[in-house]
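In order of appearance the chains are A, B, C and D, and numbering begins at 1 in each one.
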Amino acid sequence: MIQFNAADLVWLLPEIILFVTASAVVLLSVIVRPEARSGLAALAVIGALAAGWAAYGLSDGNVELFSRMVIVDPFATYFRYLFVLAVLGGVLLSVRTLQTEGGNRSEYYGLMLFAAIGMMVMAEAGDLLMVYIGLELMSLSLYILAGFYRRETRSNEAAIKYFILGTLASGIFVYGLSLLYGLTGTTSIRAIGEIVSAGGLSRPALVLALAMVGTAFAFKVAAVPFHMWTPDVYEGAPTPVTAFMSVGPKAAGFAVFLRVFLEAFPAAQPDWNNLVIVLSILTMAVGNIIAIAQTSVKRMLAYSSIGHAGYILIGLVGGTAVGAGAVLFYLLMYTITNLGAFGILVVLQREKGRVETLDDFAGLGKTHPAAALGMLIFLFSLTGIPPMAGFFGKFYLFTAAVKAGYVWLAVLGVLMSAVSAFYYLRVVLAMYMQEPAAAGAGEPMSQPSAVLAVTIAAFLTVGIGILLNPLLSLAAASLPKM
Amino acid sequence: MKFPILSLTTYIPLIGALYLLFMKEHEGMVRRLSLAVSLAALALSVLMLGHFDPKSAGFQFVENLEWAPSLGISYKMGVDGISVLFIVLTTVLTVLCVLVSWTQVKKYVREFHVALLVIESAMLGVFSALDLVLFYVFWEVMLIPMFLMIGIWGGPNRVYAAVKFFLYTLAGSVLMLIGIIVLYVHGGKTFDVAALLQVKFAAPVQFWVFLAFFVAFAVKVPMWPVHTWLPDAHTEAPTAGSVILAGILIKMGAYGFLRFSLPMFPDATVTFAPYILALSLVAIIYGALVTLVQTDLKKLIAYSSVSHMGFVTLGIFALNRQGIEGGIMQMVNHGIITGALFLLIGIIYERTHSREISAYGGIARSVPRYASFFVLFVLASLGLPGLNGFVGEFLVLLGAFQRDRIVGVLAMTGIILAAVYLLWMTQRVLFQEMTHPENEKLADIDTREFITLLPLAVLVVFLGVYPNPALSVMHASVDQMMAKMEAHKAAAITWAQAWPF
Amino acid sequence: MTRSVVLFRDLLIPILPLAAFLVNGLFGRWTREKAHWVSVPAVVLSFLLSLFVLKDVLSGVNTYASLYRWITVGAFDVSVGVMIDPLTAVMLIVVTSVSSLVHIYSIGYMHGDKGYARFFAYLSLFTFSMLMLVLSNNLLELFVFWEAVGLCSYLLIGHWYDRRSAADAATKAFVVNRVGDFGFGLGLLLIFVTLGTLDYQAVFLGAKAATNQTVDLLAPFGGKLDVGLVTLIALLLFAGAMGKSAQLPLHVWLPDAMEGPTPVSALIHAATMVTAGVYMVARMHPVFELSPSAMATVAVVGGGTAIFAATIGLVQNDIKRVVAYSTVSQLGYMFLACGIGAYGIAIFHLMTHAFFKGLLFLGAGSVIHALSGEQDIRKMGGLRNKIPATYLTFLIGSLSLAGVPLFAGFFSKDEILTRAFFAGDLGRVLWGVALLGALLTAFYAFRLVYLVFHGETRLLPDAAHHVHESPPVMTVPLWILAVLAVFSGWVGIPLIAGGDKIGHFLEPVFKGVAHVAHADIRLEFWLIAVSVIVALLGIAVADMFYRTRPAMPDKVASAWPRFYSLLLNKWWFDEIFDWAIVRPTRRISEAFLWKVADVRIIDAFVNGVGSVTQQAAASWRRIQTGLTQDYAMTVVLGLLAIVAVWLAAW
Amino acid sequence: MTIPLSWVLALSAVVFGIGVIGLLTRRNILILLMSLELILNAANINLVAFSNHLHSMRGNVIVVFTIAVAAAEAAVGLAILLALFRNRRTVNLDEVREMKG
């Protein structure tokens, strides 16, 4: 039976703070006058920071709560920081755009916070049920956020697609969960791991169950063949939501992957290892190659995020501790850079038109040098060119792959990032080497909060080299117990 | 030396660039500041050269800080006989680039000088990095500003050239990244070059990592057949860009061979030496023949660089003292000469806005001082004894001849071809009748341009007449490397060893 | 005087012209018309100093010193140094004397030329390089100044660079010299690789020791062709000499070099630079001595070139080109002498040739100057009394060239013929060839004299009355050279006044050479008589052709039209080279290497990789149909695929 | 007579199949929502069957959660559908393909 005592709740302080803030925001949004609603954004930011601070307070904890339903260990703490960062980025980027675009209903911030809670739950889950709850909490909030510009058909389409495919994935997950429960009699990840590694279970049923369970995370992470939703949903959703969506869920997905596949199934590693390799190669290939054919920068960034999922999968190959550390570190680099990249799209948004296609970027170097420089930093970081953060992330990943003995996979990864240079470069070309479009569509709106978020992201991306060591050791320290 | 001179020299340009970036836009100030910063870097590099002890073979001015111990990465800088000359060459050429861009670059002056200074920092970093990751970081950092420099301030077809340059170099160098990581894994979990130099790597590791490094360096040198980016990049780059490209960037590839490939993988070097010699020969003769028929001045000098760099790789992989020291001297000399030639083309281009040889003819009459500089550097380029081109070339030929007579003979044809294409070009540009009347009114070089060219002219003559001081700097380091190679009794790796599966 | 002061004095000889070059070169704009006040005193002073050197060497004092280490890399240690011995002394005298006279002559000839300072600067640079070439004490230093003089000839030929033909000639000269230097360079490398040093003495000792070593030329190609090491070295060095001294087939550049101003032709393309090849062979005689086959090659090439150039000289119509081909021919004689071991005689002929050929060139220059630029002898004639000084000196020069007794040419050329006669059966064949050559030489020498100075003037009326005698600054050098053209020969008279002084003077240098025994006086006397008769016969035929019966040449020419056009077009050598080498290389590199290899193959591959990925992207993009249910389908199918793959239990 | 476990599993598998096939083939989004519900309920059948078979209450607890989640999903799904309908006046999924490639 699951023991429960109130004293343990203190370990979940960050989630509680977020929950309170989210509820407050949603409630206040009904009471407060529309103009003051942006004040609620400030409340959301404060809540997120408080949660972050709380997570820091609990950072030395390594405890299993509620008979291992929830595990608060350095691994979970690391992801808490990541999700706070993601939600902060999401909120800061959305303050101004919401006022002009889709009506300023402030439950938007509430939803973002709820999604963040969902992610945290997924990262801390020690039990598949908890994983499911976290997954659903996150997904549902994101379905609504994706369709937040109700009057825009693209936003609706994004929402409906995301909803249908997302629910299908979680449906398959639950079915897999039930099979797994049937086979092992428990839903605790570690217990399942022990029973499975003890062997004696019918192989086809087990494989089917595990595959079904894995689908949800592969879907969230946007690994091939479950990646089809990403381009349409990212393009359709409001840009701040896309920014949030491209970092948060992916990290959460990988968190569960690490928790389930490295912690629970170390013995079964050779079994699913080849599978991960195939997935990684396919994801990198699809992500990077189709991106070349894109004309919309936003959609290109969507495919690029698929590609990055492929790189991260390389870290999982071989199931080594170094690999896991590399995944964690890369997720941090990826979060900062992707928030920045989408942030630039948000910052450049004008009263009338949005900046999305390559032609919108033409001549940006002349018209908005700062934004162009920012985009240049983020793009080259995504390509993996030093001194940007992306390089160190990829470097750590490829070192892990080589250490695990998969030199050829590292070579493939490196070649894929060279291919990726092709489309990232095209944006830089447009910005610096083409004349600005004749009709300057007016100055972009002043968005202090978004500019702040992007500037911080830019400095972090460029300056990562300096504080490389603390981050590397943090990532290496917060590994799931092997 | 008390204070960390290497880091200081490397980062002064970077700090200058950052300051320029955030300074308010004022063209005059930008140029003067950029000149001041590059001169400071030059002063520091000369100071370092002064304090450099040619007797000791090991690394000097070593700085060692922890950067990311968990991954075995350390921030280590140092310089030895092989790399010290390149550092000074870099700072010298960069100052001249700033000078030549004084009037040529009119749009985005600030961004131009930022890019130029960042490139200088990256190049200085490459030559003084003693940690593989640090080396790779500087190696790649140089890509972005160079790409922007070609792409933004370049000639008509600059976008294609910039993209080609970027992708070509990136594709080559990413394989090196994997090579570095494999070294790390097999070399005792460290990226420190000094430590890795002591490690005896197994045959397969040597074989494959040598190939990985070779791809990156061959693209950079550029060796035939991966050279086709060079003509495009050189023709489209602005004058300063071409000077940097020809003067220093293509030397990083050959420097890489000397710093990493030869000492760390002796067996693999011996295995691949014949093939690389063959490729170098092709580069020399093929490069020269193609240079013969160029109609664009810059493209002509670019293809001649392919030929001259063929001599460098020939010297290095002749694997004897004369060859290697000849290779290094040829690199330094080629940097000076080709840098000067590109400066000259830039100067005349500024006046006539045409790079086609047919647009010129008989201009020696209207620009005598320009013509005398032009002839001086052309003679140095074709290896006239008494000027610096000859010293490097002759030593390389000597080294190659010692290793294999036929290679020596074939390479020697290079000096005839060089004379043919260079003199034929000089004749069509400077001499013959004045075909275009408007060339009559060409203005001769002014004092600023004179100051830009003078140091290179002095260097060309001084290094030609009295090259020993420059040669003596590298004796100790090269001897140490050669001794290590002989002690190791490098044996060729068979395919079976390289592919144990 | 102490050793170092002597050394400094000897070093002044080359340094003075160098200083003059620097002054005129750097400050040419200020010295302008007065440039000659800088370079003429410098070279005359050098001439005086070389007289002192001659006095030292006569009293048996040779100097050998190295100044500073030029390049030291491992075993390769080369330094710049000076070596003076009788051979150097002779060369110093010849170079400085002719150079001084040419400098003085140029004051008049180049008067009013806009590149006046530049001309004198390059003349001084040339003199410096030639002097250092002669003074150098190791092969690499020789090679350095070897190319330096090549550079000066390039600059001076192209002095009037705005003329397309002059620019072409300059480039051609440098490139053909470079072809020769290709061989020379390889010789250097081979010497260093096998003998380990480049210093003269050490090379000579090393060569003696390495006589039996052979080099397998076809080793890399699997074949077997053993060639004696020393022979190979000698031949490679000779290749360099052939390039520099315009021997067959690398002679093509010398006639074109006439595009340069006439003083240049006199100094560089007659007296000094072209003789550098002979000097080098003489200097390296110990190496040549060790390889009979190399000696034979030198002799044959010399003989061949002598007769070949003489035939072309018969029909040329440009006054300077006739003299140029005569130079090529006379150089052939010098190499012939070296080939049969008579190095002393070769140097003797080099000296006399320098004087009378210099005289002929300056004379021709004076004629051109008089006719204000006209060079075609068919448009001249009857200048005898209009420019008497030029005529008389030119006549002396021609007599000396033809080998008429008592003139310098006779003694040196005759000595070569006699030595050839006694040098075995190959020597005898060469003697015959040389004799025929002497006949042709006498003929074209006097053809020139008659066409230019005798007969009625074919000048255009207005040009005729412009003809004026050259100013004294030009005629005085002519007279000095005329004197030298006569008395320089007497130094080598074999029989009277204690035997041939120059032979004895050079004896110590060539002591290793096997001495050819003179059979007997009577046979030798007959040989001299034969060569005199041949010379006079040549003059007589020329007299008959061009003075008494002027119609004769056309009749003869029309009798063998193809042979005549063959000679007129210089045996089509230029055309052959152009067709065989120049045009194919250009076509290959243009059509194939650049357009096809570089652009169509490599770049196509590079761009191809780019476009292939783009096509892949475009096609893969279509999978993304936009239909949600297609996506759902891929989810389900993907799941099934994963299960299947996983079950395959890798 | 107790129904053997295998039969119940078969039933759940059939229901799951119907749900998935319904999702893939039908055009009307409402029907799609229903098929999604079917998939979830198939899982519930399984859970209850196993919980009974293993005599542990864990399965039933999970079912409670899934039902709650299903309800939430239905609400969100319908909301999104409404928004789509207000803009597009259609519930046919095939017409929702503005973004592709």
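Here, contacts are C-beta pairs under 8 Å (C-beta built on N, C-alpha and C of every residue); 3 or more make two chains touch, one makes a residue touch a chain.
Computed from a predicted structure; not experimentally measured.
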Specify the chain with the shortest distance from its C-alpha centroid to the centroid of every protein C-alpha atom present. B
Using mean CA coordinates as chain centres, what's the gap between chain A and chain D in Å? 26
Taking the mean of the C-alpha atoms as each chain's centre, how many Å separate chain B from chain C? 37
Centroid of chain C to centroid of chain D, CA atoms only: how many Å? 99
List the centre-to-centre spacing of chain A and chain C in whole Å, with centres computed as mean CA coordinates. 79
Show the residues in chain C shared as contacts by 2 or more other chains, in ascending order. 610, 621, 624, 626, 628, 632
Listing for chain A: what residues touch at least two other chains? 160-161, 164, 168, 172, 231-232, 293-294, 422
For chain D, residues that touch 2 or more chains besides their own: 20, 23, 93, 96-101
How do the chains pair up in terms of touching? List each pair. A-B, A-C, A-D, B-C, C-D
For the complex, which residues does chain A have touching chain C? 160-161, 164-165, 168-169, 172, 203-204, 207-208, 210-212, 214-215, 219, 224-226, 228-229, 231-232, 271-272, 274-275, 278, 286, 289-294, 419, 422
Chain C to chain B touching residues, read off their complex: 68-76, 143-145, 147-148, 151, 154, 158, 161-164, 166-168, 170-171, 174-175, 178-179, 181-182, 185-186, 189-190, 192-193, 215, 220, 585-586, 588-590, 593-594, 597-598, 602-603, 606, 610
Note which residues of chain A are touching chain B in the complex, please. 365, 369, 376, 380, 385-387, 391, 395-396, 398-399, 402-403, 407, 410-411, 414-415, 417-418, 421-422, 425, 428-429, 432-433, 465, 468-469, 472-473, 476
Across the complex, what residues on chain C touch chain D? 621-622, 624-629, 632-633, 636
Across the complex, what residues on chain B touch chain C? 164, 167-168, 225, 228, 286, 289-290, 292-294, 320-322, 325-326, 362, 364-365, 379, 384-386, 390-391, 394-395, 397-398, 401-402, 404-406, 408-409, 412-413, 415-416, 419-420, 423-424, 427, 430-434, 466-468, 471-472, 475, 479
